[in-house]
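Lettered A, B, C and D in written order, each chain numbered from 1.
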Amino acid sequence: MASAVHLDGITKRFPGVVANDDVDLEVERGTVHALLGENGAGKTTLMNVLYGLYEPTSGEVRLDGEPQAFRSPRDAIDAGIGMIHQHFMLVDPMTVTENITLGNEPRKWGGLAVDRAGAREAVVELADRYGFDVDPDARIEDVSVGEQQRVEILKALYRGADVLILDEPTAVLTPQEVDELFDVLDELTAQGKTIIFITHKLGEAMRAADDITVLRDGEKVGAVDANATSQEELAELMVGREVLLDVDHGAADAGDVVAAVSDVVVEDDRDVRAVDGVSFEVRAGEVFGIAGVDGNGQSELVEAVTGLQEVDAGEIRFRGEDVTSTSRRERIDSGMAYIPEDRQERGLVMEFDLVENGLLGSQHGREFAPNGRIDWGDTRAHADAIIDEYDVRPPNADAEAHSLSGGNQQKFIVGREFERDPELVVASHPTRGVDVGSIEFIHERLLELRQQGVAILLVSSKLEEVQGLSDRLAVVYEGEFIDVVDPDETTEEELGLLMAGERPGDGDGGGGGFETASEAEPAPSTNADAADGEEA
Amino acid sequence: MSDAAGDGEGGFVERYSTRALFAGTTVAAVVALLVAGLLFPDSLAGTLAAVLTSENTLAAALRLSVPIAFAALGGIFAEKSGVINIGLEGLLIISAFGAVYVTEVTGGVWVGFVAGVVASTLLAALFAVVTIKFRADQIIAGLAVWLIALGLAPFASQVIYNSPNTPTVQTMGSIAVPVLEDLPFFGALFSASPTVYLLFLAVFCSWYVFERTAFGRWIRASGENPKALDTAGVSVTHVRYAAVIISGVLAGMGGAALSLDLGQFTGNGPTMVNGKGFIAIVAYLFGNYNPVGAFLSTMLFAGLDAVQTVLQLQGIGVPRQLIRITPFVVVIIVLALVGRTQLPEAAGDHYETEE
Amino acid sequence: MASDFDRRRFIKAASAAGLVGLAGCSGGPSDGENSSDGSDGSDGSDGSDGSDGSDGESGPAANIGMVYATGGLGDGSFNDQAQQGALQAEEELGISFRESQPDEVSQFSTFQQQFAESSDPNYDLVCCIGFLQADSLTDTASSYPDQDFMIVDSAVDADNVASYVFQEHEGSYLAGLMASLLTTRSFSVGAGSTTGDSTNVGFVGGVESDLIQKFQAGFESGVSAGSDDIDVSVNYTGSFNDPAAGREAANAMYNSGADIVYHAAGNTGTGVFQAAQEQGRFAIGVDRDQSVTRPDYADVILASMVKRVDTAVYNAIDATVDDEFPGGSNVALGLDSDGVELVFGDQLGSEIPQEILDEVATAREDIIAGDTDVPSEP
Amino acid sequence: MSPADRARKALSRLVEASATERILISSAALVLSVLIGAVLVLVAGRMTSCTAGEAVYYFGTGFCYDPVVVFDRLFLGALGDPLSGGWSPNGQFAITLRETTLLLFTGLSVALAFRAGIFNIGTQGQMVVGALATALGVLWASAFVSGLVGTVVLIPFGLLVGSVFGGLYGAIPGVLKAYADANEVITTIMLNFVATGVALYLVSGVFKDPNSAANQTVPLPEFAQFPSLFFGARQDFSIVALGFGLVAIAALYYVLEHTAFGYDVRTSGVQPEAAEYGGVDSKRTIVASLALSGALAGIAGAMYVMMILGTFQTGIPDYGFDGITVSILAGNNPLGVGVAALLFGVLKSGTTVVQFATDVPPQLVGVLRGLIILFVAMPEFFRLLAKGLPGQWSESEAVATDGGVAVDQGGETDE
């Protein structure tokens, strides 16, 4: 019998880039197939071809043996393909039902009106069939990320999808939500659906998939049976060489307290407490890590420390001084460097060249702009030095930031921030979306700074990163520190439970346990303080 | 899930609280004023109360509302779909002229009305092609639409009539609903120009389209998250073309109503449209993209305008030149109090798929 | 004008049919037509530059430059009235004239100078319409001492400028008197009526200025002369070209009990007429006999306070043709010289009770005789 | 998305094009607009009537208006007919330069705000306020000085007063935007109406010149106005003012490109999040840029009073709105503003020549202005024309730049 999905020799070229080069992919009906590869390996492009968003430059798409010529997602949808994008394709102000039925609304009165009752009924019925827990009347912007993902899957099923493509479905989920997702996938395949999911996480691929296809640099480098492979084999296929992401950083030689955060509360735009009474200290020469699933207040906390977000309560001290309400500029000037999580929004001015970007944050400093007049000569020399020192490619200070790859953009930011001679470096997801080589480079540099006695506050959702680099590690959940641990003494599983909000000593709680945890025990901040004391 | 629903509720209150607060305060202030006016009919409050409760004020406000409200409805369609149509002013101008011109040539008011709508729709279609197909910046292209109409209508008038002002043509007249027209105050709603009724219809239809039809949802999705719509298999481009063209039709009705109500197009300076298209933008922003809300905020502005006209006659001690600018000052104050309006997420962005 | 109007309507209809389809269009050059067929301004001015040479033997009696007030032609009153004078001179004196319509104040001097500098043709007289031109004309006139100018509505003290100002308050007084007498009685004619129990009449002005306040002052004075019990409701719309505002202003007045509204607001007045028609009340026109120039509203226009700008323009041209240009003079045109007058409506005038006509006529005599002093400021 | 975001989008689209490309596109836009304008003239020439002798013939058809004459008058006429001999700086050329001078300042005003990501439609109102303040201020001060000293003292003083009051009036929408989140597009439009209304009130009342029928202030003494060097016969143009305008261009260019403040402004304009990250106080930058923008508009008003009219009179021409078109055509670049101001100066001045020399309605120039802006707004159109391959190229280009898909959103995507 022919495969449910067969991509045959797909090549997709963009101007100057070959995103897919003669890639084959075969997926059996009723199985879960993982498409594994590093960022930039061409996984999403390949799936966009399957989904009709791109037409392949050459090659063929076959479903159940039938050649297909998709010209648009509509064709793909009609052929029974559904795609769950990494960034959900949901309309925030609309309800779950409206989103699921968007584009295929049941009509009444000869099409003059949407049959709203019918639509709701259909959604409820569909959710029941697959055992999904969704509220059909809730607005998307008000429901959890996990629920949004279920809505996406329901949307595809509503359109009669037999083949579901999931793009990095676990990136935004807690480990427990990931488990739930994989249960859902099992239920779907049991009912005859075919699943393809894109990931760069080896463990997930092995755990959830039946078969794995590995891409690297736009080429297919292997197709393996998930039950007959090893992490090492997959890693080597993915990266092309052996990788060691675990960094041995030696013992911390912590000095004086550089930054101290006490009982800080930050409210977001909707007056919801994003950071809810967090306290910690960062000392010279140590890396203080914060782990947690994205969206648990890390961003707000970091922006509060760096002066980009107003603090609603509590105090932030830097070098012994109260900086709680000082401006961003004052904090930069006093020696606080910040590698922002979103380099394209915050860290670089995309339309500026590197010379101008090298000045960002120092434009009022005496070094490059004495008396408010910018010395472009010095500024250029500075940019050249960063480019040289941090191996930014292409080594051209006149290149505009948007023309650089993500990794090189990040290296430039890291270089600029490190060259400030900071006393504190706040690094937020410093290696997100960066190639492996650059990751190693950035990690080394961070540890070098630590060795020089700089205090480092590191936030990352990559467990292996925070675990590997930090001297002390706090886990944040819903704006509170669940615990502060010694990363070397804590297992990944323990961290996972903490990240899911399960407090240490909460006893054995299953899936339902951690949901109640935060409500049951509303005295978090002392926790972190205590842990702080121990570590110091 | 109850938790999420609770959040939703909180979010809802949060989202509308400033507006609700403002609306509440306004209503309270008006009520207080009316009571004061009733108690002290000879005071300034009494004068104001009399003006506010006058059927004539309502009638004047309705007349002044028509072009603005039509344009505002058009603006909602375009902007909800993700295309900011700042050229509403231009659409009003071109349709105001087109309507009078064709009426003058054919002698048929309704023929002229349709012609005005067609002229505006054509210009809107040009705007759509320029912004959607050629991905021109919407703001700049909108300004260009305004400038082109601002030049073209008086130019044509000058060529045809040797004057920027057209001769007078017949007007629409008014339709009165028996019995209802005799209602106190609200009678003004039932003895008005046909364009007023058309406006009521347009407000209802717009509301219906957004709240009840699939197309309305597509427009919303196209403005909030075009990729969601695209991946759902609906062409964002088509939806946006349709929405911009509808905005042309609606603005066209506004412009035609404006000039045919007076039976003349005047093209000097900023023309007879004189900023009504821009005020329409204020109206729908303040009305939070809701057709009914836009209509009500238009009525607020037009009501102020009507009131200032009457107040001038009362001689209340404030210089006339200053009374005249009150509507503008009120808009500024309202905006400062209400603050940010929540634009559709993708408004102003270009969207392209590889189809 | 009527025949020409028909022709143009035909052309428009044809071109509209093909929406400016080039080939099938029936506009464009026509062989048979003479440029000076004594029609409206468009053809008149069309003729002036081309025909100078080709028309040949005689040439025009004089070349006249017209610089209109901002607001331009088609205002139905002031500028159109000035153009009327030029057209009359074209027809009767065989002059040729060229028009310019500045749209901002700084263009006045530009156009004045362009006419003054032009040598092909050499303009014998430049007519400057409107008081806003006074300042720039003061400069221009001294820069071009050999060029003759005339100005309407303001006085410029220079040997080469003839100034014409009008006693608008005198004419407005008569309008006020008539309104006041009519509104205190029951009177119904045409599309309008008065109830007799009214306590006010209305005045709609354009932009606040000394000039318009002269109209207002005269009107108010006339109203109180007619009856002590009648107030004047005053509204300025802030524009001479906003009929919608004019309509709302007049509507408000009619709603407050006024039966008659007088306007001095240029094209804004169109809205006043319309409101009168809608409400079945009366209006008084301004500058021209608007019951003739706005025939659609003839059934509500009781009278018009005509300001003979056309006479001023015609006289200045006539004097230029006769080589008797009154440079340096300042002519004040009032009721005595028929520079301003109250012209009763084409359609309604005959219905106005004789005793009122008599009273107005008497008042006119009194003003001319100097027995009545009309204030020029409210 | 706030209006600032919209303005930013506008900016980024313009900046996307390189300088050369911009110049090419702007020139092409001009040429194309003139061509369409020519068609319009021909069509209008068929809709009006004239004698055969006056008509011109193209393609075997007679037209009453000749586009060649129209554009000859529009451009050459505005330059004072440099080709025909007997050129004098005192003629139309001086008027062109006069208009250019005013447009320079309003153009710079809009451009500066634009660079900060703010759409200042209120330049007109700020100019009115600046003009009125200048007239009153200089009138007051002229009692204390006179003669040459008066000129030397009062002109800078007048410019100062105009810029201060224009700046303060510009700061109002700035404060409203920064601290109350009020949409500046709307507030500035409304403030234009307010400025005009209040100016009319003041000038028809307390500050009215009792000797004039017009709503104007008492005229300034001769020594308090810009001296007409080199253009002796012209009362209303001064090369000094133009020179001042050129200095303003250079100064604004310098401020934007070479100072920390300029860096802050530019950064906030293209990417406010990054600006904030870089220590830019966004609220202060908004207020400061709008105030500075208003100050430039106020200077334009001061020039209008001290150079052109010699008094403040209601009904200030639309230099402020023209400033928007100048700035857009210039890509919001101060140097470009110089060129664009000259072009629109020619158009404005040429309008009167066209009206004087032909029967074509001068509103044609307004249409041209709109068309130029329309074409400038759509560089894509010209790129397509240049490529000659509609469709294909745009798709691939779309994907590579800002297409609906495959843009790096912070690293996790796969492109």
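Annotations for the structure displayed:
Heads up, the rule we're going with is that a contact is a pair of C-beta atoms (placed from the backbone, for glycine too) under 8 Å apart; a residue touches a chain by one contact, two chains touch by 3 or more.
Chains and their UniProt names: A = ABC-type ribose transport system, ATP-binding protein; B, D = Ribose/branched-chain amino acids ABC transporter permease; C = ABC-type transport system, substrate-binding protein.
These numbers come from a predicted model, not from an experiment.
Just to note, of A-D and B-D, the chains joined by more C-beta pairs in contact are B-D. Note on chain placement: the centre of chain A and the centre of chain D lie 46 Å apart, centres being C-alpha means. Once the centre of each chain is set as its mean CA position, chain B and chain D turn out to be 28 Å apart.
Between the CA-based centres of chain A and chain C the separation comes to 75 Å, rounded to the whole angstrom. Each chain gets one centre point, the mean of its Cα atoms, and the points for chain C and chain D are 35 Å apart. Touching of two or more other chains is recorded for residues 160, 164, 227, 230, 321, 324, 345, 353-354 of chain B.
Each of residues 47-48, 197, 200, 204, 399, 405 in chain D touches at least two other chains. Multi-chain contact residues, meaning those touching two or more other chains, occur in chain A at positions 53-54.
Chains touching one another form the pairs A-B, A-D, B-C, B-D, C-D.
For chain B in complex with chain A, the residues that touch the partner chain are 1, 4-5, 7-8, 10-11, 14, 212-214, 217-218, 220-221, 224-225, 227-234, 345, 353-355.
By the touch rule above, chain D contacts chain B in their complex via residues 1-2, 5-7, 9-10, 13-14, 40, 44, 47-48, 119, 176, 180-183, 185-187, 189-191, 193-194, 197-198, 200-201, 204-205, 324-325, 328, 361, 363-371, 373-374, 376-378, 380-381, 384, 395, 398-399, 402-405.
The part of chain B that touches chain D in the complex is made up of residues 84, 86, 130, 134-141, 143-152, 154-156, 158-160, 164, 226-227, 230, 236, 267, 275, 278, 281-282, 285, 319, 321-322, 324-325, 328-329, 331-332, 335-337, 339-341, 343-345, 347-354.
Interface residues of chain A facing chain D in the complex, by the touch rule stated above, are 14-16, 19, 37, 39-45, 48, 53-54, 86-87, 167-168, 171, 198, 308, 327-329, 332-333, 338, 340-352, 356, 359-361, 363-364, 369, 372-374, 376, 406, 432-434. Against chain B, the residues of chain C that register as touching in their complex are 8-9, 12-13, 16, 40-42, 70-76, 103, 202, 208, 233-236, 238-239, 241-245, 247-249, 251-253, 255-256, 267, 270-271, 274, 278, 294, 296-297.
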